[in-house]
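Presented below are the structures under discussion, each in the form of structure tokens.
In what comes next, subunit A is part of two complexes: it sits with subunit B in the first one and with subunit C in the second one.
This part shows the complex of A and B:
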């Protein structure tokens, strides 16, 4: 398997603005090419679009707008982890030799159709992810004796970190009391425990080893990939207080990278709701079951941005198709030491965790300098 | 690059029936597993869905319905050539080593949203493919002095061939007069010159060389892949009487397979409208520019099923996301000599051509015994 590296990236502001999906996609792609003007567009073999938007043929449209005539051009959808699915697909096109350079561009509108899951009839009237997030919260709190006030710290920490991210949707910081007093959505969920859908895009350029050498002296390599789908309906999960697909994807990614979880210096994990962050940290093996909040509290108190330096989904906003790509860009910036006020201490190995639909599927990437 | 083979396939009837997309997908997947009961579902690493349907998360849904827990699971969309894009993606997952066995399942409803192209503002009110098909027909007829009565032969031939395909939408045969007297849609297009959208699905299982050897002694290998996107809007085409993306994709696929077009024994080509068939044959190099109808007439008169043995899109129906997969299955059956009344004379090398949106993008596959 030949090496695949990340050589460029671009992003848009994450906002609540109303733009056509084509314009949103173009913003981050345009940003990428403006920051990397030496890249020859004729060397781009594939353009992959990550989105839940219902518009068709977006890859040829973005390609035409960007002056690219790719060989491979299509859209990829897998709800909230469309972004990392697209990155893995790009990896496979390069690794197989079908492509030398692949542009992956993800975008979403604030009103993404991926937020309402019509297909899971077992949810009855409750089509919104708030349904499973409430059940996860209740189950996790009961199993490990965790309080709402503790889960609120995830939101406090991630909003604090997002304040240092110029592209984040959120510009404010909050206290535990603010979270506890925010609008009550269900018995187990307050508004500030939730990531918010938004408009935004993120683009990344992947390349073969030969192309990497041609274009950058600061490449970041994708060394580990793990993916797992356990089911579609979340009621099939074997546990509601841990994430089986995340556990399996994490193990696969670390094995491929020949790394141990203790070697990970910085990570973006899919905090769609507060409860997800401790559950993910435990399922990935960063800490023991039930001890995720202990780790998060310590990081927060010491102002350590190791987990979700970008501000997570809760602070940055969650434009579904762009999220996995935005997470990956953050870890690239961390490893390249260009994360400005969010910079963690000399990280060398990073991890990205991206998931869909109550962790019925997960992707984990390991990236290294 | 490791070898990738096709080891199993399944299909549904192509109909005008009204089913949910999940049910349609499941029909061909179910057919595949019923015909190949020895396949261990736990060895399937990826499930790729090819569709233009707006439903999300279809890969995990089909996986759950089929008892598969894949690593890689997502949908792929690129309008009418979503099917071959998905096959190429499956090829890359296997060839890169990320997967050993990949299920590709394509499906569409008769009312697919991929039929109306809202994004091409240059088309004004004319969002339906009939717009470009009329312009192609007029342009091709003018350039090469071809008559409507000649183009009608494509429809006559492909309906004749579809009559031998038990899964085809069309069950009737027509004369040139029938085509000429069918409903006039535009000055240059009659109803029987058009493929019809329909409900249908097709599934195919791809595998690494090792898995191929385990499961079949009649594998068909994918030896050539070519893809090209020239633009999104068809008015950017450099010619309206030939297909640049098809020409480039064909050249790439033949080069990769180390084959010449004269070595191709049987082919499925994307006859979305009558005029497409001669244009494609010319662009692929089967015959000289302007001589496509001469080749088609000769094949028709000698009852030679070499081009579009399945009945093409015109005879078989065109469920967008399933079409490229259905085309590939036909060529697999031809090479395995299981095509019954459609069987051509001892074919060894086959070709699949699948395209989107007025040939602004094309995929060509070469497959061999």
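This part shows the complex of A and C:
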């Protein structure tokens, strides 16, 4: 399989503002080209759009607004992991030889229709994600003897880290008490345990080895890809305290990269709700089952930004179609040592975990210098 | 009769394959194992509470039937894990299913 690298990226501010999806997409794409003016747009073979927005023909529209005439132009939707799934599609186009350079642009509005999967009627009247998050929290706390105050640390840590991210939605830091006293949504979930839907976009440019060498002397290579979909419905999850799709996708990605989880220096993981972060760390193998919170507490106490340096979804905000791309950009910046106040200590190998619909589908990427 | 038509009339049915007898969930027209037609089994079925939480005065519970069907149902009294329950009311409201258990 031929090598695929990341050569450029751009992002917008994540906000609660009301903008047209086309305008949001254009912001991060324009940012990418402004920061990388040497890139010849005529060399871009494909433009892939990651979004849950219902607007049509977005790839040709963005291509026209950006002055690109690609061979391949289409959208990709897979709820919250649309972003990394689009990156995997771009990788496939390049590694198959169908394209040499692919622009992947993800965007979402704060009122995205992707927030609730209407099809999953097995959840009855409890279709909002706060209900599956409450069930995960209850089950995880009971199985491993974890307290609400401990889960609150995830939110405290990720808001703290987001404060160092100029594009993040959150500008505040919070204490455990703030999280515990925030609005009670259910007996097992408070408002500050949740990521927030928002408006934002992120764009990334992938290229073949030949193009990578032409355009950058700091390439980041995608060395591992793992994807797994176990079902489309939350109630089909066999375990309510671990994530099977994440475990399988992580194993595939690490196998492809010929790496071990202990070699990962920095990671962005899909903390849609506080409880997701320890469950993901355990399912990926960073810790044993039930020990995810120990790792998170230690990282927080030592001010180590290894997990979710940009602030995760809880701190950065969650514009669904942009999230996986924004996560990937953060790890690229970490490996290139350009993450400024969020920079971790000399990372060489990074991991991105992005998932959908209560972990019924997961995508994991391994990236390296 | 379709699962949704029965549900809209307040009847919760078990979708089962006519040929291989597999219970198919979520309900569909065809079996996901052998691709044959599905039939609907009527009755008063007992389920087991797998997990639950609470919003305001109501509990929402994951209830499992025949080790293969799981739904989230509303309960007004205090549930317990592994408690055996029955559907007391179900239907479709504004396009969404609803299930109440006792």
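Just so we're on the same page, the second predicted complex is superposed on the first by the 369 of 369 C-alpha atoms of A that agree within 3 Å, B and C clash if a C-alpha of one lies under 4 Å from a C-alpha of the other, contacts with A are read in each partner's own complex, and residues count from 1 in each chain.
Here is the rule we use: a contact is a pair of C-beta atoms (placed from the backbone, for glycine too) under 8 Å apart; a residue touches a chain by one contact, two chains touch by 3 or more.
Computed from a predicted structure; not experimentally measured.
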Touching partner for A:236 - first (subunit B), second (subunit C), both, neither: both
Which superposed partner A:126 touches (first subunit B, second subunit C, both, neither): second
Subunit B versus subunit C as contact partner of A:166, first or second or both or neither: neither
Touched partner set for A:135, first subunit B, second subunit C, both or neither: second
Subunit A: partner with more touched residues, subunit B or subunit C: B
First (subunit B), second (subunit C), both or neither touched by A:228: first
Partner chain in contact with A:356 - subunit B first, subunit C second, else both or neither: first
Subunit B versus subunit C as contact partner of A:92, first or second or both or neither: first
Which of subunit B and subunit C A:63 touches, first, second, both or neither: first
Which superposed partner A:72 touches (first subunit B, second subunit C, both, neither): first
Where subunit A meets both subunit C and subunit B, residue numbers: 118, 233, 236
Subunit B residues within the subunit A interface of the complex: 1, 22, 47, 52, 54-57, 59-61, 63-64, 69-79, 82, 85, 88-89, 91-98, 113-114, 117-119, 225-233, 236, 249, 252, 356-357, 360-361
Residues of subunit C defined as touching subunit A within the complex: 25-26, 50-55, 60, 62, 69-74, 93, 95-99
Complex contact set, residues of subunit A against subunit C: 118, 120-127, 131, 134-135, 137-139, 185-189, 233-236, 240
